[in-house]
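What follows is chain A paired twice: with chain B in the first complex and chain C in the second.
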Partner chain A sequence: MTTSSLFSPRYLAPIFLPLSVFLLISHVHAETPEEKGLAIAMEADRRDSGFKDYTAEMTMILRNKLGKESKRSIRSKTLEVAEDGDKNLSIFDSPKDVKGTAFLTFSHKTGDDDQWLYLPALKRVKRINSRNKSGSFMGSEFAYEDIASQEVEKYSYKHLREETYQGQECFVNESYPVDRKNSGYSKRISWVDKTEYRLLKVEFYDRKKSLLKTLTVSGYQQYLGTYWRPDSMDIINHQTGKSTTLLWDNYQFGTGLTDANFNATSLKRVR
Partner chain B sequence: MQRVENWIGIIVVKYRWLLIPGLLFLAIFAASGMRFLAFSNDSRMFFSEENPQLQALESLERTYTKVENVLYIIAPKSGNVFEPETLEAIEFLTNESWKLPFSSRVNSLSNYQHTKAFEDDLVVADLISDSASLSPQEIADIKAIALSQPMLVNSLIDKKGSVTAINVNIIKPDDGSYKIEDINSAAVRLDQVMKDKYPFLDTYLTGGVMIDTAFGEAPKKDMRSLIPLMFTFLLFLIFISLRSVFATTATLLVIILSTITGLGIAGWIGILLTPASANAPVIILTLAVADSIHILVTLFHQMRRGTSRHKAIQESIRVNLQPVLITSVSTAIGFLTMNFSDAPPFRDLGNIVAMGVISAFIYSVFFMPALMAVLPIRVKQTPTRQGKIFAILADFIIKRRTPIFWSMIVLILLTSSGIVKIHLNDEFIKYFDHSYPFRVASDFSSEHLAGLEIIDWDLDSGEEGGINDPQFLKTVEDFANWFREQPEVRHVYTITDIMKRLNQNMHGDDPAWYRLPEQRDLAAQYLLLYEMNLPFGLDLNNRINVDKSATRMTISTPNIGTAGVLDLERRGRKWLQEHSPDMSTYGSGLSIIFSYISERNIRSMLKGSILALALISLIMIAALRDFKLGILSLIPNLTPAFMAFGVWGIFVGQVGLAVSVMIAMTLGIVVDDTVHFISKYQRGRKEHEMDPEDAVRYAFNTVGTAIWVTTLALVGGFGVLAFSGFQINAHMGAMTTITIIFAIILDFFFLPTLLLKLENSK
Partner chain C sequence: MSAENRYNSYIPLIFLLFLAIPLLAANIQGMEVNGEFSGEGFLFLENGAWSQQENQSASVAATIELHHNFLDNASFTLDAFYRLDSKDDARSHGDLRLAELLYFTDSWELTVGIGRVFWGATEFVHLVDIINQTDQVEAVDGEEKLGQPMVHFTVPRDWGTLEGFLLPWFRERTFPGIRGRFRTPVPVDTDQAAYESGSEQNHLDFALRYFSTLFNTDIGLSYFKGTSRDPALLLSPNQAKGAIIYPYYQQINQTGLDLQMVAGEWLLKSEAYYRTGQSRSYAATTFGVEYTMTGIGGSMMDLGLIAEYVFDDRDDGWLPTIYENDIMGGFRLSVNDMDDSSVLLGVVRDLYSGSTIIGIEASRRLGDSIRLNLDSSFFIDMDFQDPAFSLARDDFVRLEVIWYW
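And now, the complex of A and B:
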């Protein structure tokens, strides 16, 4: 089945949708807010499954409180995996000091993800053994857990309300991390539009339940007539005043990637 | 002037029924502004926006995020941190600290991100987790690791492993939607939970949040304890000296009205109360007594001689209006020149007191006499004993004028010479005495861990990604190592330690590789690897700027005082200048700014003091209509401050911020006694055509008592301030008290002999 993965713009997009969920949706009267929240997450995931693979280019712009900026560029390759999380390979093109550094992730629905990092300066592949997901990613306001695989199973859900956000009818849901110990959040509130199930906005609440960050996703375009991908993701940290923008470009679907492109030995060969 | 003086006396008696309610209404209206008074709790309130050291610190904070901290210190009674129960307590406190309001980062022994190599893996994990299930061997391993990490030793754990700290960073929102007291009380509650849950631990609580809270708490504490004390003392003093319930009541009314008027206007114009400006009530109470005492003493003096009450009131206003006006104006000028101070709280203090002093003048001249005209006061027709004492004193001084004159000169020279022993020292921690728990905690931290004196260095490579340059890293490492060799430095926090550790990890934990990576790209890739594996809030954003062109190095030392901090900073700067001129910069931090604060304020107040001196002298010359007497009055006005500095130098030596405003402030106060004495002397000479000796006797007889009583009030008032738990106030109180004591000694023993010498030399 399908999942989203590291650097996947299909943020929060969840997974397969058993028949029972259809039944739940059709029997609205029996639905609790928790069930409805889960159903929405599953539907979003269902709509985004089956893309097989895609590549994209990303520019990451970091901004401090004074508005001073710094840019990085990364290429991302994603392979859909049946019955488990996606595989993702990210290759850093700039800054020049980290050019060629490659990061391979096998996401898993349960348990920790597998991670390998290839450091070209050392010419070695290192397997990374870490449960930490909540730290800053490359000094940005995104945490690894924000951009890593968003499996439906990694959160529990609760539907809050429906409201219009930027002219679109939206579901507003809360989600809570299952792995509380290693997550930086107590909850997230997300806005998903009702027609296409695209994620438009997320608010992140830290462990002491204060608003920490807000993510806004914009510039959605449809690929292969099915899959929606955004052009831009902006996240602002309300506590530090720092912000990060991700600009996406050059999405390619069906590029013929296979498992052979996603293993530890293949890391050294990436260019 | 003569006509005005007569006229005011008549008006006050005639319109007494209009003046009493009118002025009361005015006072109450002004005082209603007190509801707007608020307390400032920010350790930075003592710095003006123009302060260059503050600007440097704020620019550093904008780059790396401004944080406050809460620091818990845990000292197991067993003397060993590495026991399962203590480790569990550390884990518990670490988790709970994340829940403190606005906490953004928690650093402890347990969540220290330990990196190690395992076969071809890199393992990044909390140093301590699930401490309950740890075996003795595992605990021994943890201890060995903890005591070998330069990031931890002397910062979060002492060398012996007997004391550990947990640091919580707090980011206060810009919009001010927080109350520092709330953060403080949450931290204190958690401290209490720890004490209850783990009775085998001693816990201490300090940090920026506690310091800020104490800055807000200090004025309240002072006001709660000092004002009642002051009030009781004044009540007692006034009653003893006036022996009249009505007169005491009237005087109390005047000082209360003056104080609430001053504070009320401060509220209306939006002045924030700070530990310094919160003294204003005590000072106004003290100063306001003098005007009433002078008027009442003359009033009773007249009535004793059989003058009717209303006539006595008019006469008292006639003879006292000029000196009371002069003393009020000169006192107000002295306090107003505090506006030259670089520290905003002193400007506020000066302005509030000046408003109070002017109010005291108005109430003493228009309200109090009107009240006395209404109240049924009576006096006994007997001269007081004090009058006799002053007559004897006058005779003694006139007879022994020459030896007295010279012994005074010797006293002045001896005491003033102590000034050379004065040195400046401002340690903001020591502004608070041991009645503040955070002070005890800070001393403990200073003794066992890093201490709260911090110097930050913003080391800039000058190019994007430049912090990965091996040459730059080498310089940073050398700089850190140089600091580690300095005896006063306890801890250095630098990214080069992380780099070295990672380099070792990436080479199978071989200790030979505990060194900086030699290629720029490798360093950059290590950082990327490391950052990707950190948990929430433990990233390097507070160490490395956004484009990785600069890094921040933090030096901690125990309390080494102003001179120590400035010296260390200067040596550090010199090292950078010599070894890497491109990176040369200034050290920054709260310790640095406080180290400069006295110097800056003394420099800024020098202008203020000179202006006060010039204005007050001009007023004296104009009022006495005598250039020579005016200039002469400078000696007993200015000398007491120097004598007080001298005595302070001999017995204490160390002065701080308080010293900067001392001259301007005391000048305005001590001038009063001189004005009263000289104006009476002059009146004796001119109005009663006395010879100099009789004029001295006349001055002693007429104002001796009033000077004595007002001096007692001032000594009492500022003496009470000396008991403040806030060092700046305590020093200001003590020094002013000494100054005032010297002032009365000079006014009684030096001024008359000086006047006699001067007249006889004609």
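And now, the complex of A and C:
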């Protein structure tokens, strides 16, 4: 045994434990806006955990400011991972020239997500650098960071107020990306309903702190008596006038997906 | 008639399938049928360097793809292709690119039939990719491949994926004909193909691959033993025709490595192999970086910058390569508009000779199911000792329209 091991956390723990318990108790009485914001995010995350896996079909409608539309059909498969971010596989069915193109993402609570792109014509799996989160997802108004798994640890929080939004009592919180350098946002303001902790609306502020986009989420339905999923997500870019709608359909929970459905081998047989 | 031509003579039969299968498919539930029709025009900017070469050509092509899942974990896929070229008979060709049965469980996967496999990491030069033969007449950049008959067994595990390949039939490389561009001074006479192995195209090749993801790195190790996909091109005096050039396929062993690594905002890519069997043993490597800027100038556009280098230690002229000591640079602009418009620019420069190739590819969708591709390549200051010298006057503009159905 070396002398330094005397200073290992194992020896120090008995001293610090009572102190931390004391701090915890004192905070219950004077919760800061930051703590309350975090507590709301954690509660929303807790309520949505345990779903194990689900699949869904998504129609993405891109709209320019003249109202011209273009549609993409995507199938999405998600696997919950204990102690880390979710795994997701998104497969394009249309437009036909990108049919079979697939994204595989392993999201992480801390650090960059791992991401791969499968190109069916070349049977090629390409690694993607996910550091730059602000890029557009397939030409839509959704950035990669918007469609990525929303892990609590990726933001810091601040509770602003409570207000009624579309007849529902809501928490209004600000959140700030932890990776400020690579996010496209300075902050997000989100409306979460107080009874079910569902995300109803988000305002995105760009790095110059002006309002960039507004996301509204609607048509929530409950699955397995526990998990709420929306039917529609509309995002509008106030600076360009362009918008994107995601229509969700055919949610299936408990489909028996495992890690084996989320690796390079399964990516290559995606259809 | 060479064995490869006999193989190809079955292809017209496959094209009866173009008529028969949609009818058949209508009667099989769950059969997915789709495909492409495309038209293409080439305009060459100079007269060809070699006799009988044309300055313009047009062609049409069709592909049909069928897919049928007969169980949740078993399927059949067929992908057949045919091109009809207005000028070059060798480019009027077809191929059965896929015809494979797939069966998989959570712990293994088996495909049997004609398949396509890609190994590799880098963008400009694909060194380790060896399972499928290059369909050289289809695309001068070597990105198009021929279907390879194979038994392919895959075992995915937590510690990585192991794959084994048995390759019972060899596909010969395609080459342009007498009226075609992008060719040697005398067209390669594929009917005179020669082999080191007495079993010629029947030689049983095999390959192994290990692939794993370790944190931020994807690593692939591969081994191939069998008939080289890239032939030596040999000159032979022929009393009837004058000199002919014929492909000579040797037996090789190739050990390969490919890496893709995420490093901060960069992607690092590398490939290398060591090969024995073609004259003396030799090694080749390519490596480079990719950096992507998103939302450039406040727009939705992404700009990916790529820089790569390739080195090949063959310098004795026995088996020349165009990539002996070259730098490559380029960018990929993704407009991120509704039509998925993109522009690619690439420059390859030989550091010894100064020979330079510039390629530009622009692409966009028109409506829902049509894609337009506009490509151009320029061959600049081509050194006469460079194997690519025979392309020196093949600068071209190519327009392609693809209809997906």
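Everything that follows uses one rule, which is that the second predicted complex is superposed on the first by the 241 of 271 C-alpha atoms of A that agree within 3 Å, B and C clash if a C-alpha of one lies under 4 Å from a C-alpha of the other, contacts with A are read in each partner's own complex, and residues count from 1 in each chain.
Rule of thumb we're sticking to: a residue touches a chain if its C-beta (ideal position, glycine included) is under 8 Å from a C-beta of that chain, and two chains touch if they have at least 3 such contacts.
Bear in mind that the values here come from a model prediction, so they are computed numbers and not experimental data.
Annotation for the three-chain superposition on chain A: chain B and chain C clash.
Touch criterion met: A:Thr265 reaches chain C, while chain B stays clear of it.
Of the two partner chains placed by the overlay, only chain B lies in contact with A:Leu66; chain C stays clear of it. Of the two partner chains, neither chain B nor chain C is touched by A:Gly85. With both structures placed on the common chain, the touch criterion links A:Gly139 to chain B and to chain C. Once the two structures are overlaid, the count of chain A residues touched is higher for B than for its counterpart among chain B and chain C. In the superposition on chain A, A:Gly184 contacts both chain B and chain C. By the touch criterion defined above, A:Pro230 lies against neither chain B nor chain C after alignment on the C-alpha atoms of chain A. Looking at the shared chain after the overlay, A:Leu122 reaches both chain B and chain C. Looking at the shared chain after the overlay, A:Gly37 reaches neither chain B nor chain C.
By the document's definition of touching, of the two partners only chain B reaches A:Gly241; chain C does not. Of all the stretches 308-316, 326-334 or 506-514 given for chain B, the clashing one with respect to chain C is 506-514. The intersection of chain A residues touching chain B with those touching chain C, taken from the two complexes, comprises 62, 64, 68, 70, 95-99, 122, 124-132, 134-136, 138-139, 182, 184, 240. For chain C in complex with chain A, the touching residues are 32, 34, 67, 75, 102, 104, 106-107, 109, 116-118, 120-121, 143, 154, 156, 161, 211, 213, 216, 218, 260-262, 264-267, 290, 292-295, 300, 302, 336-340, 365, 368-369, 371, 402, 404-405. Taken together, the chain A residues at the contact with chain C in this complex read 62, 64, 68, 70-71, 94-99, 112, 114, 122-132, 134-136, 138-139, 182, 184, 240, 258, 260, 263-266, 269, 271. Interface residues of chain B facing chain A in the complex, by the touch rule stated above, are 62-63, 65, 98-104, 113, 118, 120-125, 171, 173-174, 464-465, 468, 506, 517, 519-526, 528-529, 531-541, 544-548. The residues of chain A lying in touch with chain B in their complex are 62-66, 68-70, 92, 95-99, 101, 103, 117, 119-122, 124-139, 143-144, 182-184, 206-208, 210, 238-242.
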